[in-house]
Amino acid sequence: MTQKIGFIGLGAMGHAMAGRLMDAGYILVVYNRTKEKADDLVKRGAIFADTPASVAQQTDIVFSMMFDDASTEEATFGKDGLATTLKEGGIHVCCSTLSLGQARRLLEQHTQRGQKYVSANVLGRPPAAQAGELFVMVAGEEEAQKHLEPYFKTFGSRIFNVGSDPVQANLVKLSLNFMIYSTIEQMSEVFALNEKAGIDPKTIFEIMTNSFYTAPVHKNYGKLMVEHQYDNAGAPVTLGLKDTKMFMDAGADYAVPLPYASVVRDRLLSAISAGDANRDFVVMLERVRQEGGLKKENTEK
Amino acid sequence: MTQKIGFIGLGAMGHAMAGRLMDAGYILVVYNRTKEKADDLVKRGAIFADTPASVAQQTDIVFSMMFDDASTEEATFGKDGLATTLKEGGIHVCCSTLSLGQARRLLEQHTQRGQKYVSANVLGRPPAAQAGELFVMVAGEEEAQKHLEPYFKTFGSRIFNVGSDPVQANLVKLSLNFMIYSTIEQMSEVFALNEKAGIDPKTIFEIMTNSFYTAPVHKNYGKLMVEHQYDNAGAPVTLGLKDTKMFMDAGADYAVPLPYASVVRDRLLSAISAGDANRDFVVMLERVRQEGGLKKENTEK
Amino acid sequence: MTQKIGFIGLGAMGHAMAGRLMDAGYILVVYNRTKEKADDLVKRGAIFADTPASVAQQTDIVFSMMFDDASTEEATFGKDGLATTLKEGGIHVCCSTLSLGQARRLLEQHTQRGQKYVSANVLGRPPAAQAGELFVMVAGEEEAQKHLEPYFKTFGSRIFNVGSDPVQANLVKLSLNFMIYSTIEQMSEVFALNEKAGIDPKTIFEIMTNSFYTAPVHKNYGKLMVEHQYDNAGAPVTLGLKDTKMFMDAGADYAVPLPYASVVRDRLLSAISAGDANRDFVVMLERVRQEGGLKKENTEK
Amino acid sequence: MTQKIGFIGLGAMGHAMAGRLMDAGYILVVYNRTKEKADDLVKRGAIFADTPASVAQQTDIVFSMMFDDASTEEATFGKDGLATTLKEGGIHVCCSTLSLGQARRLLEQHTQRGQKYVSANVLGRPPAAQAGELFVMVAGEEEAQKHLEPYFKTFGSRIFNVGSDPVQANLVKLSLNFMIYSTIEQMSEVFALNEKAGIDPKTIFEIMTNSFYTAPVHKNYGKLMVEHQYDNAGAPVTLGLKDTKMFMDAGADYAVPLPYASVVRDRLLSAISAGDANRDFVVMLERVRQEGGLKKENTEK
């Protein structure tokens, strides 16, 4: 007998993950605020529910992949939240990037209701999800992790058990995101100083990415940076700031100083003040350049 | 007719580079303070000269690969320095990691004497040199660069022209070194915070180095860090501090703020204060850990 | 006819301010969680109310001086909060040190209820309040400020109108608090470096405080620092961290980078990790000293 | 019998100090590169010598008050430097603000020649010198300090013995200078954030300087800052950077991390990049303002 599972939040990533679960034969009960995003999944047999509560009523395991703390809170503990109907022993598998505070609240509240809460943060972009090649960082009760493994394997090529406290998966995720911004700051200082000394950043980028600095984080972001591609890319300054704030708050929770994170924070704030809030966060480079007296980005194309 | 060229400074790297030049058929006139390091090269036909001046007297192109500013200064402009005898139009090819101030002084003084000065900084370790797989970053007069290319190709797999001002190669080298220390600080903050939250740094290291952070800089140094291998490795805290100081001085030369470099500087200073001056610079992690309240490194093994 | 006014929160400062209002002839309706703190005021004629709501029911102007955001929220919008009964056009004069977010929430919620909200942050310690020598930084509607002036003058020697948006008084207060921590970090770096160089911090303290650095912030905190008086003094590390976080959040609200605040934050976090959470925040010095390799504070005496 | 003493370096401060020594009845042998600056002293009976060496030939105690390391080096150990003629046991009293490296070199070289070296750094401006109200921070051999006291008292109202190693007086001086820049950064962050929140910096300046922040460092520099007086004042950005570099180098010498100093450094570098190298260093505020998105300084008036 095929098992029904719930999936709430069908953005690009959630949609791809839900699709993989269906590919593996699971029947999905799905919810998304914008119903249309579920259309193709429904065509393939998914059941659309009108509320998160309705999803949880029909299933014992509910995945959620929401945008942030607030939307996760609403979908979980709001009036029609999944927690209002999830049965005792039911599992909420939360895949969203959350603050540790929000993750703790989820654990506490679900536990009070006799429900289980597992954090399963993923690494990779939607195409990787579609190919079943995400990295899945799981934290929560050992037994629940075991139980969920087959599901994780539908969209993940590697499953990491990072701990028994769900909040740990969230911290790993925040840490990996921080390393993106931190690498951008690092490369920004190098590019700006070299440019000021008359060295083409593209030259140093080529040397870097062919020697010790060959990771995707160097290649992907470095390329956007040396090409001043601040506008057509993925995620904005405001998202970087949200992530950095959550990482710094985690530092405060555990009383660990994080000077690099502070530098990133200030850089992103100054990008916002420069009017770049909605541009790709690689625009951090522009702040470093201009503080260093280099002329504004080429806009000539 | 085979051409004779000079090579001063036969440390591990200089020795490997000199060996490659000989492999290619060049006759070498070599000098090293500790003569024994030249023994095998002499057996293979190299001529040992008693002073740098003597090397320059016998050759038109003199490579040097010294430890630092002071030793380069001495070998070049000291009483028996190569500059005292190098003929007009002769080329000093300096491969050492130098401060920009020292590089400028070399350019200025050689130019005053009618001699040429080319900076050729290399990237890679001695085994890469032996295999002819260094990256060579060259800066100086276009014509001289052209002329030297065949020599560079004996030990380098890629030759980068980074500019016409010799100092530019030095800056690129300092920048690439800085990225090592900066990546270590970055990973230190992540490892320490995660460890304090009960997550094994080895787990996060494995996730990192299998996802977006796959560069040698992540893998090589990250491994030493999570294993607390602070003692058996390459380069000490003091070297890191010297490099960082030179990078920051370059920032001052061009008036470019470098907040990440300042954080690294302070971290290395605190490592020295903790008595770790001569340990591998990955011991930076230990400072971040202890500031974050984690117990001293495991010494149990 | 004497006017009745409300006062909620009778800690050392609130009590002193309330006493001054009574001295001036106003009749006070007071509330404090621990009733005993109101005893002497009641003896002098104050009316004790059982809840903040009861205070607001009997008066048109209600002062509050609570410990933090949470206690202010509870006293204002909780089940028995003053906002539940304050009449339309009534004024809540909030004197607590609050985050800007909390101050904004007060403004918004009171406005929705047709109530007025004025921020009146004070500078000085309880004895200054008793002497009527506080500085009062007021922000809010011009007319309300005018109306409140006679009350402010009972405990304040100087009244500053810092703006028409109540949140502005809170920011000024957070800024002035930040300058305390920032001056402590500044002096810590100086004391630690000089001590390491063999110079008695007490000597440099004496030079400082007799030359350009003669402010109370230098004299009061500097003295505690050079005497390593980390335990018998006023406010703990955790309070410093709370203030610093609120100041940094204000920086984020207005997108202004605050690198000094970040350094203070990290210093306080490392003090917490060192087990000093409840010691006076001048213990920051100890972190700077120990990072610089100086021996632990003298405990001998 | 009146004693002859030497004085080299008659800038505003040196001139005032020399004048005080003469007022007290000492006969001075003076030297200054620009001879005219000595004219009035000569009229009053001072003897002008053509070189520092000539000064030292005629006296046993030679004061020097030069601009920086280089000019002190030249006046001391140059071809006609005072050290070439100062007799064994003669004392060089150096009042210049020097790097610790330079101070160490003076000590070492003088000692090798059997000469004594005492550091006597002063605090105050030329008018204070004229009034005999400088603070004199002395370091060096105890006996020599004793011997020099009568001289110090001619221009100093307070004499501090800061240690037996001359370099210690230099460090105290560098520390006190650093506190100026650091206080400016601190106030800059406060002024910029408050301005962005719509609060007039002049208001917060008035509150500050009437409460806990009443020191000359707050009043004098704060006034220049809130009035955007970046051009008519004393010392330029480049001097601030020189001082900060020397202070940071001292931190490196003693392995003490100085994060605040690093922030100041970066701020001054960005001021240079903005074209403000020769403006008063309070222009640091302008960098903080503009990074925070505030419009360029008012130039309207």
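Residue numbering begins at 1 within each chain, and the chains themselves are lettered A, B, C and D in the order written.
FYI, a residue touches a chain if its C-beta (ideal position, glycine included) is under 8 Å from a C-beta of that chain, and two chains touch if they have at least 3 such contacts.
Here's who's who by UniProt: A, B, C, D = NAD(P)-dependent oxidoreductase.
Every value quoted in this text rests on a predicted model; they were computed, and no experiment measured them.
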Checklist entry - Is the C-beta contact count larger for A-B or for A-D? => result A-B
Checklist entry - Based on the averaged CA atom positions, which chain is farthest from chain B? => result C
Checklist entry - CA centre of chain A versus CA centre of chain B: separation in Å? => result 38
Checklist entry - What whole-Å value do you get for the distance between chain A and chain C if each is reduced to the mean of its CA atoms? => result 38
Checklist entry - How far is the middle of chain A from the middle of chain D, if each middle is the mean of its Cα atoms, in Å? => result 53
Checklist entry - Which chain C residues sit where two or more other chains touch them? => result 251, 255-259, 263, 269-270, 272-273, 291-293
Checklist entry - Classify the inter-chain contact topology: is it line, ring, star, complete, or other? => result complete
Checklist entry - In the complex formed with chain B, which residues of chain D make contact? => result 241, 245, 251-252, 255-259, 262-263, 265-267, 269-270, 272-273
Checklist entry - Any idea which chain D residues touch chain C in the complex? => result 123-124, 135, 137, 158, 160, 162-163, 165, 167-168, 171-172, 175-176, 178-180, 182-183, 185-187, 189-190, 192-194, 196-199, 203-204, 206-208, 210-218, 250-251, 253-261, 263, 288, 291-293
Checklist entry - What does chain B use to touch chain C in their complex? => result 259, 269-270, 272-275, 287, 291-293
